[in-house]
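Worksheet: the structure to be examined is printed underneath.
Chain nomenclature is as follows: A, B, C, D and E, assigned in order of appearance, with residue numbering initiated at 1 for each chain independently.
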Amino acid sequence: MAEIRLKNVSKIFKDEKVVKDIDITIKDGSFTVIVGPSGCGKSTTLRMIAGLERQTSGEIWIGDDCVNDTEPGKRNIAMVFQNYALYPTMTVRGNIEFGLVNKKIPKEEREKLIQDISEIVGLTEYLDQKPQNLSGGQRQRVALARAMVKKPKVFILDEPLSNLDAKLRGQMRIELIQLHKKLGTTFVYVTHDQVEAMSMGDEIIVLNKGTVQQMDSPMNVYHNPENVFTAEFIGTPAMNIFAYEKVKKHLPPLIGNVGFVGFRPEHALLERMENGSGSMFLRLASKIITMETLGAETIYTVENAAGKMNIKSFIEPFDNIQEITVAIPYEKLYYFDEQGKRNHGAVMERLEPVLVGGAKA
Amino acid sequence: MTRSSANPMTEVMPRPKVRNNVRSWTRSSVRPYVMIAPAILVFSLFFIYPIGYMIYLSVLDWNFVSPVKDFIGLANFKGLFQEQKFLEVMKNTFMYTTLTVSLTIVISLLISLWLNKQGKVYAFVQGALFSPHIISLVSISMLWMWLMDSNYGLLNWFLNLFGISNVPWLTSPSTSLLSLVIVAVWKGIGFNALIFIAGLQSIPKDIYEAAELDGTSKVRTFFKITLPMLSPTLFFLTIIGIINSFQVFETIAIMTQGGPLNSTNTFVFYIYEYSFRFFKIGFASAAGVVLLVIISLMTIVYFNILSRRVHYQ
Amino acid sequence: ACQSGENEENNGNQAEASDNRIEITYWYAFGDKIGENNENLVKMFNESQDKIRVKAEFQGNYQDLHSKTQAAFAAKNAPEVTLNEIASIGVFAKSGMTEDLTPFIERDKVDMDDFIPGLMGNSYVDGKLYGLPYLRSTPILYLNATMLEEAGLDPTGPKNWKEFEEYARALTKEGERVGMSLPVDIWFYEGLVAQSGGQMISDDGKKAEFNGPAGVEALEFWKKLSDEGVITFQGGEGGADVALQDFANERSGMRFNSTAGLSQMLMLAEEQGFELNAAFMPANDSYGVPTGGANLVMTAGLEQEKKEAAWEFIKWMTAKEQTIYASSYTGYLPSRLSAVESDEMKKLYEEKPQFKVAVDQLEYARPRPMEQAYPEIAMILADEIARTMLEKDLKPQDALDKAAEEANNLLN
Amino acid sequence: MKASTIIKVINGIGLLLVVCIFALPFVWMISTSFKSLGETLTFPPKWIPNQLLWENFAKAWNSGPFLTYITNSIIVSISILILQFATIIPAAYAFARYRFKGNRFFFGLTMITLMIPTQLIFLPVYLQMSKWGLLDTLWALILPFASSAFGIFLLRQTFKQVPEELLEAARLDGASEWKIIFKIMVPMAKPTLVTFGLFSFITHWNDYFWPLVMTTSDVARTLPLGITMLREVEGGAAWNIIMAGNMMLVLPILIVFFFAQRQIIQAFVYTGVK
Amino acid sequence: MAEIRLKNVSKIFKDEKVVKDIDITIKDGSFTVIVGPSGCGKSTTLRMIAGLERQTSGEIWIGDDCVNDTEPGKRNIAMVFQNYALYPTMTVRGNIEFGLVNKKIPKEEREKLIQDISEIVGLTEYLDQKPQNLSGGQRQRVALARAMVKKPKVFILDEPLSNLDAKLRGQMRIELIQLHKKLGTTFVYVTHDQVEAMSMGDEIIVLNKGTVQQMDSPMNVYHNPENVFTAEFIGTPAMNIFAYEKVKKHLPPLIGNVGFVGFRPEHALLERMENGSGSMFLRLASKIITMETLGAETIYTVENAAGKMNIKSFIEPFDNIQEITVAIPYEKLYYFDEQGKRNHGAVMERLEPVLVGGAKA
């Protein structure tokens, strides 16, 4: 168990700086999720922590040691790969045992460790199978067992569930959460999947183009994004963000530098044309373009003065209606400056200053 | 956990670790050389050095045992290209190579399309097909020499059954090279077909289904899908085929000795004959150098084509 | 490494290992009976005295043997004693790989007159003796006596070219059999040239003479018969095998072949149920044949001790008793007159008179050319002869002139 | 329905024909090895000999120290195999997995040796061997083939296909490079290694030229030399004996092959010879 | 454009009947989605329609033709494969052109068609690239273009989006819906993905073990499942279903044969222990086991007398509360008989008969 600190870590591939002066501390025992678009440097960051890639500059600390010059095998880190990277020629037992043998742990102790671990992950009866005879979920468990058995200080997981189908993914997600609780080890977890990020992490790191956009708890990242990137990246459908210019006339004057305004799809109300009145709402006359009904919820794509936007509604879908008014409560609006940075200080002039932004956390 | 407490720790970092690391770094940068060293040593000692020696010999006039070694510059090369026989040898080598490689590949491709099926019967037939490949060229040469006997060979006996008159096979300059080609093709088909079958099996099935849905005829599917998908295999076999054909020796030494009328004399046999029957080491070495140049050119072309033209998944 | 007890019967050379005998190596060509003969003789030699031990080693056919001797000489580990196919004696001697034996002959007063003169032609280079005849042969004419009789011919065979022509014609039944089936073999051609009174290469070794009248006459004779279809030439490496098969299957009535094959031919004839006769190659102006086989030679540059040992061995191998042994074991010619007259040989000749033919024919034996370039010339010439047979319009004179031109280039 | 049966029959006949074309020569070889000398010469040829002359085999066997030949053949082929594995595995791994200065150069060098006929280089090697006193020993037959360009080529392709994550997983498991090679890479390349092994074994088991040149006595001779010896007779070849000898050469390898055939196809499916 | 009819179609592989007497009509111009667990015969069904696999028995009609004996190339069907099955040796242009050349369409016309199509799917600038140089989404588009250019009567798509990442999948989903609208051709679409099935199809076919479980509109399949299988299969988290026995005492007596009772996770209300009163609700005292917060919604896993169940809530998550009451309105309960078949007739005895089941469609 250990804290991980990256101090001004950068990585240059050829001429391209893919990780830019990252400076973060991953708390001991936390479940930290790294998210970000493809190619933003998530894997590279993980691989530098694991020692599979050497950082171009900066320092990496695990617990009290600077591991800059420590071989991967000596860092006391276990990694679970996207496609499991199981040794196909070894049995499940062999896979789990391999790291232990390298550590020169005596046979009896190994046996015991394997026994314990395979009970935990429910693989006891498959110990003598080859990985290719196992299902996706079972392989995933082997990968976990292989990582766990080494009792590492840090677990690193790079999109470990992305190759599983939806059902299994849900199941494994829960197992991983429970595993983390049980072990109390630091987990660093990369994913593409919103739901995974939100539901699993204590802490989310949003990465873009090699720089950290925000590092915070899931709720804060969702409700209190620090910039347009995070706001748009987290949440499905994404937060609707539009130029302030386009809605200026529908809003009371604002104090502060505001370039963009946003709101979450689920915070808007849809009203039939007629009853478009009442204050404290940003009201936009809109046209419904498409409507996706997903059982419990319906997602509308609408078009209005501010452009296209998604609205999420939990009420029965409207059929046959085209014209509609979208109403967003003022307190659910987010303000960003021209650079896309959140402007926490922006307030509406004519009202008593309220805390803008929907977040309470 | 503040920054100020972290900085001193960096400074206290024990140095030995770093030194240890320097050593491991050097080890890792030397490691690939250590790994290739035994192989490269073997190649240098037994292939590269002899080639150098051969190049040295090619500018001498030497009979191999006499103490006199006259440096004669490029005279051997000049002599070589003035010699009718050498030109014939070049021609024979190219003819033999072209015919052998193209026939082997075409026939084995067709056969592999046919035999690319599962089942015991097919496994057996594939095995039978491959069996000539595992048998010594010495045995094969003896066997075929005898099968191709123009009067008493099984082959002519068989042709006679169909009312075809005797083919002179190895005994006439017009058919001798072709006869050697037949032997080489016969021997090579199994190996080639096996690799083609492997290649065919690695083509994804759904591509064929897509083509079927596109209403593609069998022939067009073959030329537009199968063949291009097989291009790496095709290329591999071509190059291996060319190498082997250039190196043909045993069949010639045993079946024809380069005759009749020099019609089956090829590079390697020619070189061997000149150095050991006619005691013209320098001359033979010059021919060897010519062969080497051709081979090197082929290697270069091979790598260039490989990296450019051939389809890889 | 890993010698098993299996080959003790073949190798007499691994008896008591650590005495102070002088070790020398002897390389020979060919396996089967010939190989056995070599191994047996060496064993006998090793047992016959206690100063020298010879190791006999098989090296393939003559070509392999020559190549390897040459390589071994360059690597300075050549065998002390080896065989030279007789046409190669000159090459080896002139390039300094073999030792002049003349001093030993003179010192030990070896009776050179006892060697059959016909076999000695290829033993001298520039007047010096470089080898002593060992397993030697000549081509002879094999006859299917049964077939000859059926065709109303004298089963003792044709005596001259004219008769040969008649025989060939008489034996030929179109599509069924021919008079003679033979490979394109310079050895036989050398015979025909000799019979016509010519030679292959001029005495000074500087000029090809096979395109002279004798050579042309020989080739014209062959071409005439071949064009007529009464003799057929078998091209290619397998030609000799085909000729043999033709003869065995009674698809030809006559055959040129080495005396070395006589035992095998007798066996075959018996199995196929015909009687086999042997005769001289037919005469033109005169009889005449080349000889074949190999001479024993000593490699050059040996230490004195080894030299002596090697000489002892060569001397012993070519002595009368051993000649008799080798001849009766292999069917090769005895090389000494005294051997021919010995009781053992006489007895053999009585049983199998065919063997005598070859010995008698030696009276007309000619040496083979020994120029360094001769192997290459022989090949060129063989090609041209084959071409003459194939191409109806090619004149023998033109073909031979062409070959001679190339040969002259090589000779100078 | 009918059309499909016809096709089946034609297909069957075709298969039979293929087997005949490729296997009949061996049947012929077997048949001949039992014939008498006269029978080998008869025309039209006989498929079944009048009587089975087992003594042909005895004759072939007794014509030389065949036990020595066989032992030598086995020692040489197997030693070459072991040495080749020992040299090509690390080399192929380095070529496939490391970037180092001269990578392309050394690989090019390797590929060139793939294309050099032994007939071209045996002479200097012979002289070297002689200098080292290794002529006419099994070393002379083994050492020059202690590595194989073809093997490195094939294996490199296979190694390249192993996903990088696997190696990283092993590194994180604290495995050394050598351990990675022998515990991860080699087992994964097993079909390729088996195939290459078989080819190498076939090549050196059958090799005629090299042993002919490098040996001068039976001490170091191999089976193919023993067999050709049967043919080197001035008078005329005895095909029945020769074929009996060849049977000894061919049979072991034929048996090995029929067991390894599946593996070979697999190997090429995996590497795709790419 | 054409209707597809399968009449009693079966398929036997070896001894196993993987498709069992399927008897369906896929409407002309519809977007029909086939869903079902892995191995249930989805692909096999599609492949039989396409002609890549021959049915063991039954008839397949496309439009007015029985295509039992028609070659795949002649059925006027285009198929998009899971892994695209692009011809890797041809350029994008070559891939699109290939089918046209087979149809002997003259060069000029081909050029024009390719031009048009590649503009529609936005591939114009990649026409001369090889597929392996394209990204996943672009490859997918090539596969679509190749299918579209043939102007087929029927489009068949077998999990065409499953290899794409989440973002791209969402985008392609919208593109496909629009494409279907534009072309008006019959689409038959196989997917594993709930969201795809619900949002894209006009019609959903739920398949299990080779038999059709239900064929209906997405809303009906969601709100009005015909059996336990469909109810559990559609919706994430799945409908909560439990044995009637376990909740019998909490419910008014029922008329009709009821074996199982179910409700959708989003239809339950969570109440603090205290205010557990009021009628018309099935109330179950429960314990919260895990809680996944997903931004706009929270999913609770609770345990109670009926077993474990998932509850979806759109209100702010409760923290630090363990004990809770789950309340499900009676009208949101679904009843199934012992065989798992929906019992539409089951009513509560003591109440005036209401239309049971939440669905209104």
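By our rule, a contact is a pair of C-beta atoms (placed from the backbone, for glycine too) under 8 Å apart; a residue touches a chain by one contact, two chains touch by 3 or more.
In this text, all values refer to a predicted model and were calculated from it rather than measured experimentally.
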Touch-network distance, chain B to chain D, counted in steps: 1
Far-end chain from chain A, centres as C-alpha averages: C
Chains most often in contact, by C-beta pairs: B-D
Gap in Å, rounded to a whole number, between the CA centres of chain C and chain A: 93
Computed distance of Cα centres, chain E from chain D, in Å: 57
Chain A and chain E: spacing of chain centres that average the CA atoms, whole Å: 27
Per-residue multi-chain contacts in chain A, two or more chains: 71
Chain C residues counted as touching two or more neighbouring chains: 67, 74, 241, 245, 249, 251
Per-residue overlap in chain D, given as positions that touch at least 2 other chains: 41, 43, 123, 228
Contacting residues of chain C [partner chain D, same complex]: 1-4, 6-7, 10-11, 25, 27, 29-35, 55, 57-61, 64, 67-68, 71-72, 74-77, 79, 137, 240-241, 244-245, 248-249, 251, 257-258, 260-265, 267-268, 271-272, 292-293, 331
In the complex with chain E, residue positions of chain A that touch it: 37-38, 165-166, 170, 174, 177, 192-195, 198-199, 218-219, 222-223, 234-236, 264-266, 290, 292-296, 299, 312, 314, 316
Chain D-touching residues of chain B, taken from the complex the two chains share: 29, 31-36, 38-40, 42-43, 45-51, 53-54, 111, 114-115, 121-139, 142-144, 146-147, 151-152, 154, 157, 186, 189-190, 194-195, 197-199, 201-202, 232-233, 236, 243, 246-247, 249-250, 268-269, 271-272, 275, 281, 288, 291-292, 295-296, 298-299, 302-303, 312-313
Complex interface listing, chain E residues touching chain B: 47, 50-52, 71-74, 77-79, 81, 83, 85-90, 98-99, 102-103, 132, 146, 150
Residues on chain D engaged by chain C in the complex (per definition of touch): 36-38, 41-43, 63-68, 71-72, 75, 123, 126-127, 129-131, 135, 137-138, 212-213, 216-220, 225, 228-230, 232-238
